[in-house]
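Just below is one structure, and these are the notes that go with it.
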Amino acid sequence: MLQINDVHAGYGSLKILRGINMQVPAGEIVTLLGGNGTGKSTLLKAVSGLLPLMEGEVLFDGVDISKMKPHRRMRLGLVQVTQAKEAYPAMTVEENLVLGAYTRRDRAGTLADLEWVYEFFPVLRERRKQLSGTLSGGEVQMLVIGRGLMAKPKMLMLDEPSAALAPKVVLEIFANINRIAKTGVTVLVVEQNVRMALILAQYGYIIRDGVIMIEGEAKKLISDPAVKDSFLGGSVANTSRALRN
Amino acid sequence: MQIANKFFAGVVAAGIGFTAAAAFADDIRVGITMRMVSENGQAYGQMMMDEIKGINEAGGIHGKMIKATLMNDECKSDKGVANANKMVFQEKVHLLIGSSCSSVTLPIVDVTAKAGVPQLVPHSTNSKITQKGSEWIFRVPVSGRYYGGVNAKYVGENIGTKIAYICAADAASVGDCANMEKQMKARFGVEPAYRADVQEKEVDFRSHMQKIKSMNVDGILVAALAETMARALVQSYEAGIGEEVRRIGSSSASNAPVPKIAGDAAKGVFFTAAYAAADQRPIAKLFNEMVKSRYGIHAPDHDFSQAYDLVRIMEIALKNTKFTGSLADDRTAIRDAIANVNGYQGLASGPISFCAAATPQCRDGNRTAVLIGYTKGGENFETEVLARVTMEEDFGLE
Amino acid sequence: MGFDYNSLLAFIIFGVTIGVVYGIVALGISLIYSGLDIVHFAHGEMYMFGAFFGLVLAHNVGIPYPIALIGAMIMTAILGMVVERVFYRRLTRAGGGYTVAGMGMIICGFGMSVALVNVAYFIWGAEAEPFRANLDYIPRLTFPGDIKVPESYVLTAIISVALMAALHYFLRHTKTGLAVRAVAHNKDIAYLMGINVPLMISLIFGLACGLAAAAGVLIGPMQSVQVEMGYLMLMKAFAAAVVGGFGSLPGAIIGGIMVGVFENLGAAYISPSHKDIYAFLLLILVLMFKPSGLLGVEAKVKA
């Protein structure tokens, strides 16, 4: 579905990404892992079009979108869910969700999807007239994911959905991402929470200093001593069981 | 709206007619700086140049050609002084003509006094211009001190003494207001019923008009430059002050933009000026026709008549000058020749005379003001002459 | 002589009628600021061009005043969009990069102001033009105390309020309005929502300039139309926008009315000679006690 070939990108003379190659097959959950300042967010911006590429190409559904404006990429079905803090705090929950469906022309479908998102995240229905600035961290995260769903995406890219959330809330969010993937949406999760992300995903990439250091099937990465040494700890099995239920 | 005219701003060097080919060293150099931002301004600037061209084509001054330079000061004193300096010191003119706005003329008086260049004032009315003691200054228009007297006399005797004053901050209007106030006090012993000092380009007079309305005054003096005055007039009617309250204009009221912009609100406004387009003398009728056919101006105001009179006075003086070839001597000789002009009868409502002393009595050449009323506003405005008054030569002086 | 409450009331009424006009110009300045992060110094000239467009449409073309008003708004909106697209946007990164333009943008705004004034000089000359609107069918309102408010002021107030209401409805209750607000808050996220950000920036600019034009056409019959009219209006509207809280749309309107009333009262009871100072006196007073303006947020949240 998404193919990233030898992408270089950065800001001005500062090059952050130095030849990234990645693939996200249709219907799968893929995760991109890395610490702060490793180039995760830069890669997301390059893929969504907020940052122009210096070199390389990005293909979506076989179409070269490297030169496309961000709103055009979004209209193809490649939707980025922003970080939770980037909801529009001065707009109500419902306005935020409607904004997610900005590109859609089918009113009936949009309304149906609004209902669907409310069923997915019942708390959002309760808070629909509230300004999104007044929501809790977990609720805002649900809101931005819901907003992404309103666009009827083929592929959803999530930017650190676990950031600054309590472990219990993170679990809930990840369970929901799993549910979304089951409806046929391809998912790319960018994360620092390596353990959770690898349990959720089928395939994983680990980025450091703007290059992919390690890649492989998620199951193998969890048990890969190189990854384990640097990122993992604690009991994988317990979390795994909780997620699958 | 005449786009072609806009190219004309800036310097129009006029080596006119056959003098263009040969700018002889013994040309008589004349510098002119005036406010030429409006259609009228450009027209009377052009008229002066055309009249000078006419003198040259008729043989010049004893065979000498007049080489005139026309500059635009936009009624801005810094530009006016820069123009004057350029013409006095670089172009070494024999005679300087300027300017239209009093606030521009006042500082130029110092330039010509210092350099020793005779200066003829075409339009400015501020009394102080001739009170600086310069030997080089000559005023063709009627001084503000006479206007104040004529206005006050007419107002007090025919309208009433309870007058509201609206005074804008430009030099001419400040002077007009002060003169009127002084004369009303001297003649009738009254102070202004209301007095508002507003900015030169004030746009909103509504609170003043509201106050004035509640006072039941006999008349309102609106002392301001043309566009500002027009706005005030319009807003006075908007505030509901009826036409039984007479509107008195300052010296700028004669400018065509006043009736054009004010429209119906100009009707009934009266003011003093040096020339009335409604003047029935043959010379005035001929002049009106000439200005209309040549420059497309409907009913020339006294800015036109004064510009025209000034060229005629200059012609007389230059013809009486004995040129020696020394710039300083020639300038002095021209000054003395202007001072000898006596009883010139032109378009102005009275004779114009100068004399040698550097006093306002000698240098305010025109002492006859005419009271003019607008009988119709708009593009094709109409005026009538209400009265003609000649004042004593030391009237209004301390 | 006792205190005259009727004239106090009159000053307040007149202050409000001029204040709402400051308000709609300030609204445009605030809209551009909150939308594009630029302080638009050439906005006074948009007001001036609007007034001239209205004048040309009403007098030279001869169409009725209300339609001339709408025509002038559209023409000025287009002018504003062209200016933004051709000049301002080049100073920034392609699309939504206004945040980084900084000082260059301010200088460019001033330059544009001077350039537009000169273009207007060239077209219309320096003379003030009378703008006569036939408004006989508008009632003359009589307030308590026999204060008569002329038709043109009534019309001005009604249209200004209607425009504000229309803008409010557009921003709050339409999908495009929602997109405008999204762009105003954060262009990157707006892009991710699939919003055509460059188009919305043009729309914001067009709206703001259209509002300025409306103010010009409304003020025209009162003050006549002149090339240099923009500067003073910019100063007043600027004061209004800051008093109300820069970037706050309701603040712009409240600020405008406050500036209008304050300067009328100052002119009436302190000194009429320095009328234009009062707007800034009010500005300083408000900033001393509430640095972000009356309805302003402490700092704009930026991504």
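Which chain is which? They are A, B and C, in the order written, and residues in each are numbered from 1.
Basically, contacts are C-beta pairs under 8 Å (C-beta built on N, C-alpha and C of every residue); 3 or more make two chains touch, one makes a residue touch a chain.
Bear in mind the structure is a predicted one, so any value in this text is a computation, not a measurement.
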TODO: Compute per-chain Cα centres, compare each with the mean of all protein Cα atoms, and return the closest chain.
DONE: C
Task: From subunit A, the most remote chain by mean C-alpha position - done: B
TODO: Could you please state the distance in Å, as a whole number, between where the Cα atoms of subunit A are centred and where those of subunit C are centred?
DONE: 42
- [ ] Can you check how far apart subunit B and subunit C are, centre to centre, with Cα atoms defining each centre and the answer in Å?
- [x] 38
- [ ] Quick one: report the Å distance separating subunit A from subunit B, using the average Cα coordinate of each chain.
- [x] 78
Task: Of subunit B, residues touching subunit C in the complex - done: 1-3, 5-6, 37-39, 74, 169, 196-199, 201-204, 206-208, 210-211, 214, 227, 230-231, 234-235, 238-240, 257, 260-263
Task: Residue ranges of subunit C touching subunit B (in the complex, touch as defined) - done: 4, 6-7, 10-11, 14, 18, 121-130, 132, 147-148, 150, 152-153, 222-224, 226, 228-229, 232, 264, 267-268, 271-273, 275-276
TODO: Can you check the complex and tell me which residues of subunit C touch subunit A?
DONE: 95, 175, 178-179, 181-182, 185-186, 188-189, 191-197, 301, 303
Task: In the complex, subunit A residues that touch subunit C - done: 48-50, 69-71, 74-75, 79-80, 82, 86, 88-91, 95, 98-100, 102-103, 147, 151
